[in-house]
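Shared chain: subunit A. Partners: subunit B in the first complex, subunit C in the second.
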Partner chain A sequence: MKPAKFDYVAPTTVDAAVEALRAANGEGKVLAGGQSLLPLLNFRMTRPAVLVDLNGIRELSFIELRGDRVAIGALTRHREIEQSPLIASKLPVMAAAMRHVAHLAIRNRGTIGGSLSHADPAAELPMLSLLYSASLSVQGPSGRRTIAAEDFFVDALTNCLEPEDIVVEIEFPILQQNGWAFEEVARRFGDFALASIAVSVRRGASTIKDARVAVMGVADTPLRLKEVEGQLRGIAIDDQMPDRFSELVTSSVSANGDLHASAEYRQHLLGQLARRAMQTALAAESDRR
Partner chain B sequence: MNSETRPHSSDVLRPRNVGAAIKRTEDPRLLTGRGEYSADRKPDRPLHVAFLRSGQPHARIARIDTVAAQVSPGVVAVFTAENLAGDFKPVIPFSRMPNYYATPIVPLATGKVRYVGEAVAAVIATSRYLAEDALELIDVDYEPLGALSRAETAIAGDAALLHEEAGTNVLIAREFKKGDVAADLKAAAVRVSGRFEMTRKAPLAMEPRSYTAEYDKRRDAVTLYTSSNIPGIVRDAICESLDLPGHRLRVVAPDVGGSFGSKGSLYPEELLICIAARKLGRSLKWTADRLEDVSSSSQAFAEIVDAEMGFDANGIATSLQADVIGDVGAYSIYPWTCGLEPVQVVSFLPGPYKIASYRGAVRGVATCKPPTGPYRGVGRPISTFVAERLMDLGAKALGLDPLEIRRRNLIPAEEFPYRIASGIIWDKTGFVECLEAAAEAVGYEQLRAQQADARKHGRLFGIGIASYAELTGIGSRIAVAPGMPINTGSETAKITIDSTGAITAAFGVASHGQGLETTLAQIVADDLGARFEDVRVIQGDSDEVPMSTGTYASRSAVLGGGAAKHASRILQDKIKRVASHLLEANQDDIEVLDGKAVVIGTDRAVTFKQVAKAVYSDMKTLPVEAREELTGTYTYDPINGTTAAATHIAVVEVDPLTCFVQILKYVVAEDCGRIINPMIVDGQVHGGVAQGIGAALFEELVYDDDGQLLSASLVDYVIPSAPEVPAMDVVHIESESAVAGGFRGMGEGGTIGAPAAIANAIADALSPLGIDVSILPMTPERIFKLMEQTRLNARGKADE
Partner chain C sequence: MSATVSVTVNGTKYDVQDVEPRLLLSDFLRDMLGLTGTHVGCEHGVCGACTVLVNGDSVRSCLMLAIQANGAEITTVEGLGTPETLNVLQAQFREHHGLQCGFCTPGMLMTGEDLLRKYPLATDDEIREGLSGNLCRCTGYQNIVAAIRAAAGKRAETVP
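For the complex of A and B:
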């Protein structure tokens, strides 16, 4: 289980990295944390001619507040996001989700840009980028451009980038919310999710004013459930509300099955998680589990 | 207890090392990266081996084109079956069992391939990278012959034959009988039955299989460093196959990173690397990657058992019958045969229970999968699962508590030795004592009250009991695997004091993580009268003792320990004889303690160093006839072996929303006889239970109908990790066995008891829903399906 032969370059600027990818003529691959790429290389499932290592580009690692948004550099490690007080206070759903991202050793190396680019349908950060309507700043040979998260994920393990593009940073709008929840079920703690849901609500005295819902582990990409969000707007908050939400979610998603869980079981889990998530989101802050 | 605080005067009770929780001698090196595994060997300019493995489950090999690979950069040689034909004799896993076909073992697939992952060609190159590059250039034409992916269909008359020479896909068939089962079942007040299954499992040692063959030009000899737990058997088998005397093939098992049985058979790759090293006159290295290890090392379980048990009105089990189909994979293994796992299921099915009549029939069926082989517990995890499920079903039908029905059926103290239907004899062991101790430790009565309360709140809370017995430390009267021609009944210890006074204890047994370096030294220290820290243990090296086999079947503490005791005594007598000259005292007045021979009741003493000097160096002190070499050698054979037993109790809760099982409490009460090192015993129990949890809840090798392995990586093959393994209580019942030292083997028991206990606990938790547990692992998916079925049935009934 050794990778096929490749050339290795370690640029120290984004410009140089993009140039290296361009020179590779579509045969280049970007190395960030390497937590998914290295196994793929070792299995020879991917065989780039050139590996462009981003780890020497210092400017890609940061977390900063920009007005009503939080910007995260693409090379920022999961562990840094997990431990950031800024993330905890401004993006609490992300903060809650980070401890579900694999295991500590993986979080120490894995990066947000790498996770988004890898586009695993059962990974937390791609789903969160949909929930938050994040925008990805991408640099290619013709300069920088912005891609909305909802346009980024094309299929399982497939994003919309060109071969010479590099994700450089991601901006997450801070949500106007007074309730939220993140729920996930995995075979073991740290495994890829069998099903997961993230919910953010802005509630009034007796109704939902606004809501956001994203799910993962059930389809080829993470999903933002905008239809469900529309149905929630103005809905009365009562004891039946979490059950109704669960029904809305399961009727808007048709889960995939695989070796670990059948479609029926994933659908069941999603319904259960949706109910639990809405209960949590509607609970007063002091009652949070 | 360290050596400074250990009591020194001779009037304290001995032994002093055996029974003490001494920290493992091997741990400092293993935990700080200073161990030496097979892959750590650094022979002069080694070449690296990579194997081309079949992607076909069953196909004729029409042609192999290696031309492009041979000229690929760094490549020294490419081997296929064709160009090795004259270099070896096939190894035959012979057995005297009737109705058995021994499939020959060869280094590379010959004529056809029989499972996905079987080695077809080997590339030898200057690096593993270049070797793997060259693999891609080998072109094999396969003519598919149709996958045999399920044992049930491979039995059918029209199924293709995997081994045409066998004339059948049933490689082994066997039946055990005692009494008139049919009549007893007919007369039974209550009959319970089921179709039980344990799916295919990977042993999954942390270190994958790894071999380094070091070629010695001077003598045209090879030293094979192998991650094996049977280095002695490997030496003898390869010598026979390659027609080499044992002094030109040394086989060493250095530090080995776990086996659990997966390194306990001879492998084609071990043959290949020795043949290739001799052909090329070069040293070679190969380490399996994880994919190779999962898809070509021997696997476990894969049995379906139709079983029925009859009880009288008092809840006494009167009769038991079972028909077992074992999916043994593509080949029989050496030396254990493909009968090892499935035949043991019927050998051990009656377990620790007194059951008047029994019939157990087994068929081992060839399929397009890697062979099944020894796996921690061998046959008994599933025989215990089946028997313990039937006990619980019987208890339910009779309205008895599961604890009570076991009390009524376990073989009581006064009936030992007890012979079960398959001929296995249980010597005196604490069956009932283990049951009672486990129930007390877990707080059984209180748990049942807690369960009643939990059920009122709709919680799925269950308690599961499993009792089992196993045969350990087997001597020469019983073959470890039925009908096998090799001797697994004895082991040798050779203990030497050299001219510097240093003590070296050499054994044929090998350690793959058990801590034998520590426990054997504890025994030698006590029986020789040495200090623990002065005893160096050598093991797993075929050059150290004339004959050995290795470590398997929970034998090494009993056989290695027994040999250590006897050899120590022989050497101690020699020390006393020398010391009697040096101290001018009667031999009977001398005791040996802490590395010194002392005249009892005086301060007159000589150290081992002084004794050694007198024997070997100082030619004036002793008369010539008293200069006996300071060596004690003994080959110990426990003849029958000894029983080990335990009761496991698991407490679980099933989450009705996620269908996940949480283990709330886990207790093991075990009888391993006299304990050599309680810390090591606890560690073995913990590790075994963790693997049993894997079998019960997580681990499953999934092959599809085309014979492709779907769970080939550790993303898809799910094992329990630390958060999934609960804290557990271990209670020790130390009833001494009849073998030397009073030891019993105990390395496998954890894996035997845990699947059954957890299965019973889940069944108990789900019993309000009328759900039974008959297949393991009970994954969330399976629990979900069962609960869905119950919901559907309830709806169906409501509609009626």
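For the complex of A and C:
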């Protein structure tokens, strides 16, 4: 199908974009990479009166190191993140996940701000924003404010923003880690995940000092499993550790089912992926798959 | 509301007036420029048949507005080679019978072009991963993969 009629504005500053959204009086939509919005427009599942295209705002596209954080502009394309040496060295879990983000042609257009705002419960970047406890800088009519990723995702395809708000940039703290893994199963490569897990660990000689765990595809939003993280702290590293981790994860999550996969199957996948992820996270760097 | 769209497609400059903002790039190429080599399958970014290169990157032309392509350089399947002089990838598609009904072929070729530029394509797994966003309803994937593998081999021969 084709989109219904809309007016189109292409501002060159964030201020002008917010003003255009305010003027649209709740009938405006932000167009970033368009890889989720255009299908919705083509199906006429959304019919905004005004489309505010951010692609002319150059200052929204960047990846930069800020002390112990990496800041990424909202309009930065997935492909740029996939290729970035800075992301590869400072945010390796994200770097590993990027090739699972849809397909090359989608990654060439899709943006991080768009993916987070779309808030798909089975998309990689929303889950990673939880893993890293990222903070989103958002601009609205009353200025800029910062929203923690854990407060951002409200429900499936629903974030906490007002209609006039625009995500401007996202800051990812660099994790103190010496082991990590990203695992995902999708029906076809590049599809949204049936289940996925990201793990980061900081380990001592024989125990886990600290850990981060996030999952997706099993609930209405991605989840950070803080309870499991607490249970991992101080736990002994031995051959049974990946199995124990798998049990901790599956006992803390109750997967949703849908037409793509039953709840039981997703729960099973999550357990398997958790075991595999911990094996990888604990493996020596040279043994990584 | 309408606008003028100025684009360079396959080396030719076009200035098209009265373009509605809602016109998709795929329809712009086919209906306004008459370049019907770009095929429209699903029109929601799943099948990959409408893939073209915009400023050198493969994109789904059904997921981009024509108005957003203003000032861009676009390559469609018509810009790859001619029937007399196929480009390297097209020649390998012919050599390996990398098509059956031909509907998905323009998207496969344009995706293949981008993959050949951006990835080593050292293994079939990598080629299949790269093609995962392009559907062939004839299920003729084996020969498409073989064609791209062969084109990657030719590229390795020519690149010093």
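Heads up, the rule we're going with is that the second predicted complex is superposed on the first by the 289 of 289 C-alpha atoms of A that agree within 3 Å, B and C clash if a C-alpha of one lies under 4 Å from a C-alpha of the other, contacts with A are read in each partner's own complex, and residues count from 1 in each chain.
Note that contacts are C-beta pairs under 8 Å (C-beta built on N, C-alpha and C of every residue); 3 or more make two chains touch, one makes a residue touch a chain.
Nothing here was measured: the structure is a model prediction, and the numbers come from that model.
*Asks:* According to the stated criteria, A:45 is in contact with first (subunit B), second (subunit C), both, or neither; which is it?
*Replies:* After superposing on A, A:45 lies clear of both subunit B and subunit C.
*Asks:* Which holds for A:104: it touches subunit B only (first), subunit C only (second), both, or neither?
*Replies:* The second partner, subunit C, only.
*Asks:* With both complexes superposed on chain A, which partner does A:79 reach: first (subunit B), second (subunit C), both or neither?
*Replies:* second
*Asks:* Thinking of the overlay built on chain A, is A:34 touched by subunit B (first), by subunit C (second), by both, or by neither?
*Replies:* Once the two structures are laid over each other on A, A:34 reaches subunit C alone.
*Asks:* Of the partners subunit B and subunit C, which touch A:269 in the superposed model: first, second, both, neither?
*Replies:* first
*Asks:* In the overlaid three-chain picture, which partner chain does A:5 touch, first (subunit B) or second (subunit C), both, or neither?
*Replies:* both
*Asks:* Answer with first, second, both or neither: which of subunit B and subunit C does A:187 touch in the superposed model?
*Replies:* So A:187 only meets subunit B here.
*Asks:* Considering only the touch criterion stated at the top, classify A:260 as touching first (subunit B), second (subunit C), both, or neither.
*Replies:* So A:260 only meets subunit B here.
*Asks:* On subunit A, what residues does subunit B touch that subunit C touches as well?
*Replies:* 1-5, 42-43, 188-190
*Asks:* Can you list the subunit A residues touching subunit C in their complex?
*Replies:* Those residues of subunit A that touch subunit C are 1-8, 34-35, 38-39, 41-43, 51, 53, 55, 79, 99, 102-106, 108-109, 188-190.
*Asks:* Residue numbers of subunit B touching subunit A in their complex, please.
*Replies:* 128-129, 132-133, 289-292, 657-660, 698, 702, 710-711, 715-716, 718, 720-721, 723-724, 780-781, 784-785, 788
*Asks:* So in the complex, which bits of subunit C are touching subunit A?
*Replies:* 1, 3, 20-22, 24, 27, 43-45, 48, 51, 57-60, 62-65, 67-68, 111, 114-115, 118, 128-130, 132-134
*Asks:* Which stretch or stretches of subunit A touch subunit B in the complex?
*Replies:* Residues 1-5, 42-44, 185, 187-192, 194, 259-262, 264-265, 268-269, 272, 276 of subunit A touch subunit B in their complex.
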